[in-house]
């Protein structure tokens, strides 16, 4: 059971690296952006995992006198922010991809580089 | 009475889960697009009906039951609509039932 | 039982992520990434993060998928296959090494859920203890988001606004206006002629918007708040645009109004902060907004959440229309 | 509360207030005016703050009135004030000088959005410089990054788009790595406030997560700061951005990231991780030296003037890191001083490019042939800034190189090698700048290359632009002769950074 308490960290590592792999090794720009969002989601999972308390519930205190255990609200707040940052980055990235497609007629990184070298 | 209700609700829960599972297997194993859709429609009709019904029985007469029923109502409206839209889109795109081939050679279509 | 379930859900995340990277058809990759977001939301829910789960579901699975599809309509949808993939082996080695380093360090990290972990002993208990007293709203996440760390949230609204301004700027290149709305776009005919989706969609839209408003104004008591509400309302209006056509949606909410909403929301947030300064408090110190500091905090949080909701709705809709209006 | 107490919060609030307004203002000249006014106002506030921190004091401001580890705290020390001064100053000069070229290169209806994004860059960078909270750094880093992508993508050729996409990917990886590192530190300490982290990191039992955090943070920030070998995004981003944007971001954006790097390493890690000072030196010093040699070396063979100056920036970042890698007062003082002086020199060079951009469309070296005869004042300013970049006595660049060499001699036997590298790379700088200046002054205009040369009326840039360029060049001389003010701030900054280092 002790070891299972680390499973979240490993999934975080795995997701992070899958996203990173897509970012580096894939040539398609949309694929890169999808990789980027997996990469960022991994971090969300890390923070939210930190927030969990054994036997706790979501930090909504309906009755301040009751002795309840609550999970940590702070990482959740940080990740709310980070999720919004993530979608903003994706949206801006997509707009750039659309413009690149119009200018180069392709969204494959290696082909774009070839076109750039030619000019 | 309570035991009967509990047993009934668990039976519904297990049954619902089973139908969802069958739907999933069907979506993987069926030969072409339309039969796959036919199988997977189990997962958004009978499956949730039974699961949510079981949950409603578990919670008794309370606010939760109302919420569960609202979810069920929502699913019963949207599920078939989505299935219809999907099927219609497929037929407009030129997908022929009963075979693995497509009339239009649109590269976007996933291979069956 | 719940442990097994969460392990299963976590493993599914990894499987889905691999499927996204491997799939060559970008449409299926986008759909898979919507599934990925929903799975992520489920995981967040199991980890007690109801607010985050709601946001991930609305933003990650909803809005993000719509934007990706909107962009795919303007780009090729098939990843080109190559005989020899570049950089794959070297990258695999690198990522494996980093993964091993992360796993190695994990053995020194507190177990998930350990109540004695440093994160649960410092700062966070203060929020849980002081919120009922200082702000007196049940949802501590909203209290931290809106007041204790309200400056971060202000920054977040501006991140969204910056992205909106950026997308409008990029996609208005080489055309007369920011969002031309005379033209009837190609999305017009896609759903209008389909009777069943059309009718069902029209029935659903008011409920979606109503739910959005509920999430907006119930954020102090339950999971929810401006971001989630903004995303949900934007989703409802996007559905309207898909059913009735871009032109109809832009007639109801013209581009200038949308940009105005985005800008007005962000400014509302900032001006609440400035008002606090003028009334003698620090920036974003809502206590001075009313005679009683606790009431002041509540007023402040409601106002800034409203600003957030307006800004997010306006920005997301502007971005959606900007993509939809860009002809191939 | 008097207005005075709120001054630490204003450098962020003013541009944040002006940005949305600028986006909605029509006609476009009003948007420019709003952006310029906001820039000037921020600059005035930054000057006030710099004067206030001259005595080495730290000005704190509790956002929302909540006390430090619970709320977000702004903490402005002399380092923050110095960087703030660079950001707002560069923004003001570039936006005034760049008006005509922006007017020419960007369609009218898009200009208000451009100016809004510009102000977001100012707000984001200023927010990073003054905050005392690790997560708040991330939020404002994202504001500034997203806005920077937008203003770079305004560049008129299509390569601007690919450059900016690369920057977006690299920048987001960097920011996410930083966020992971902050997450690990938070995991071990439970706090996000820099000062509180420093205090609580001392008594944690396990070190592996903290080492990992340090690694993620250093690599992430190095990526964003374009430290060699993670510099790949920088040259093209500088080369293809609109000239005014290059003048703005080249002067300040990487420096802000360096500031966060120094804060994290010196304030949070040095005092708490055993041997971190040595690790830092062993890791950063070789990179700094390689960066200096690589940047200068590539610049010698580069033919595009803007990209050449971009590679020179990579070399100059090497100097900044080299000073920091000594982990002593002399080195840090030289490093912080070079942040200021390099901003002056590079800012002036790119401002001169803005002025040249009134008549030139391309910036290959041969396009500049003979430009000195037609635009002598602009090229004169360019030459003075170039001298400052090389480090000729009497210019600002000399002061920081002098301090850097003095600090290097303090490194014992290694010092001679370091001084050798510094001198060698200064000579390389002479070579690559001479390659621009020699034909620009003395060669006849290349009739094929010069895009606008067939126009006989080509003369100086408009008076306003020229005034800004000359002012920037004059500042290089002024701070070369009277360096007391930046020296004082840099001295306090070095003391403050070293306060927690054992």
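Read from first to last, the chains carry the letters A, B, C and D; within each, the first residue is number 1.
Everything below uses one rule, namely that a residue touches a chain if its C-beta (ideal position, glycine included) is under 8 Å from a C-beta of that chain, and two chains touch if they have at least 3 such contacts.
Computed from a predicted structure; not experimentally measured.
Both chain A and chain B are touched by C. Placing every chain at the mean of its C-alpha atoms, the farthest one from chain B is found to be D. By count of C-beta pairs in contact, A-C exceeds the other of the chain pairs C-D and A-C.
Chain B and chain D have Cα centroids separated by 57 Å. Centres computed as Cα averages put chain C at a distance of 31 Å from chain D.
Distance between chain centres (mean CA atoms), chain A to chain C: 12 Å. Averaged C-alpha coordinates put the centre of chain A at 28 Å from the centre of chain D. Shared interface positions of chain A, i.e. residues touching 2 or more other chains, are given as 16, 20, 50, 74-75, 78, 81, 85, 88-89, 92, 96-97, 99. In chain C, the residues that reach two or more other chains under the touch definition are 102, 106-107, 109, 117, 119-120, 123-124, 127, 149, 152, 155-156, 159, 162-163, 166, 170, 173.
For chain B, the set of residues touching two or more other chains is empty. By the definition of touch given earlier, these chain pairs are in contact: A-C, A-D, B-C, C-D. Residues 77-78, 81, 84-85, 88, 107-108, 110 of chain B touch chain C in their complex. Of all the residues in chain C, the ones that touch chain B in their complex are 25, 27-28, 77-78, 191, 194, 196-197, 200-201, 203-204. Residue ranges of chain D in contact with chain C, taken from their complex: 1, 6, 9, 13, 16-17, 19-21, 23-24, 61-66, 69-72, 107, 109-110, 113-114, 116-117, 120, 123, 127, 135-136, 139-140, 142-143, 146-147, 149-150, 153-154, 184, 186-192, 200, 204, 206-209, 211-212, 215.
Across the complex, chain D is touched by residues 16, 20, 23, 29, 32, 36, 39-40, 43, 46-47, 50, 74-75, 78, 81-82, 85, 88-89, 92-93, 96-97, 99-100, 103-104, 112-113, 116 of chain A. On the side of chain C, the complex with chain A involves touching residues 3, 7, 10-11, 13-14, 17-18, 20-21, 26, 29-30, 33, 36-37, 40, 43-44, 47-52, 55-56, 59-60, 63-64, 67-68, 70-72, 74-76, 79-80, 82, 85-88, 91-92, 94-96, 98-99, 102-103, 106-107, 109, 111-115, 117, 119-120, 123-124, 127-128, 131-132, 138-141, 143-145, 149, 152-153, 155-156, 159-160, 162-164, 166-167, 170-171, 173, 221-223, 227, 312, 319, 322-323, 326.
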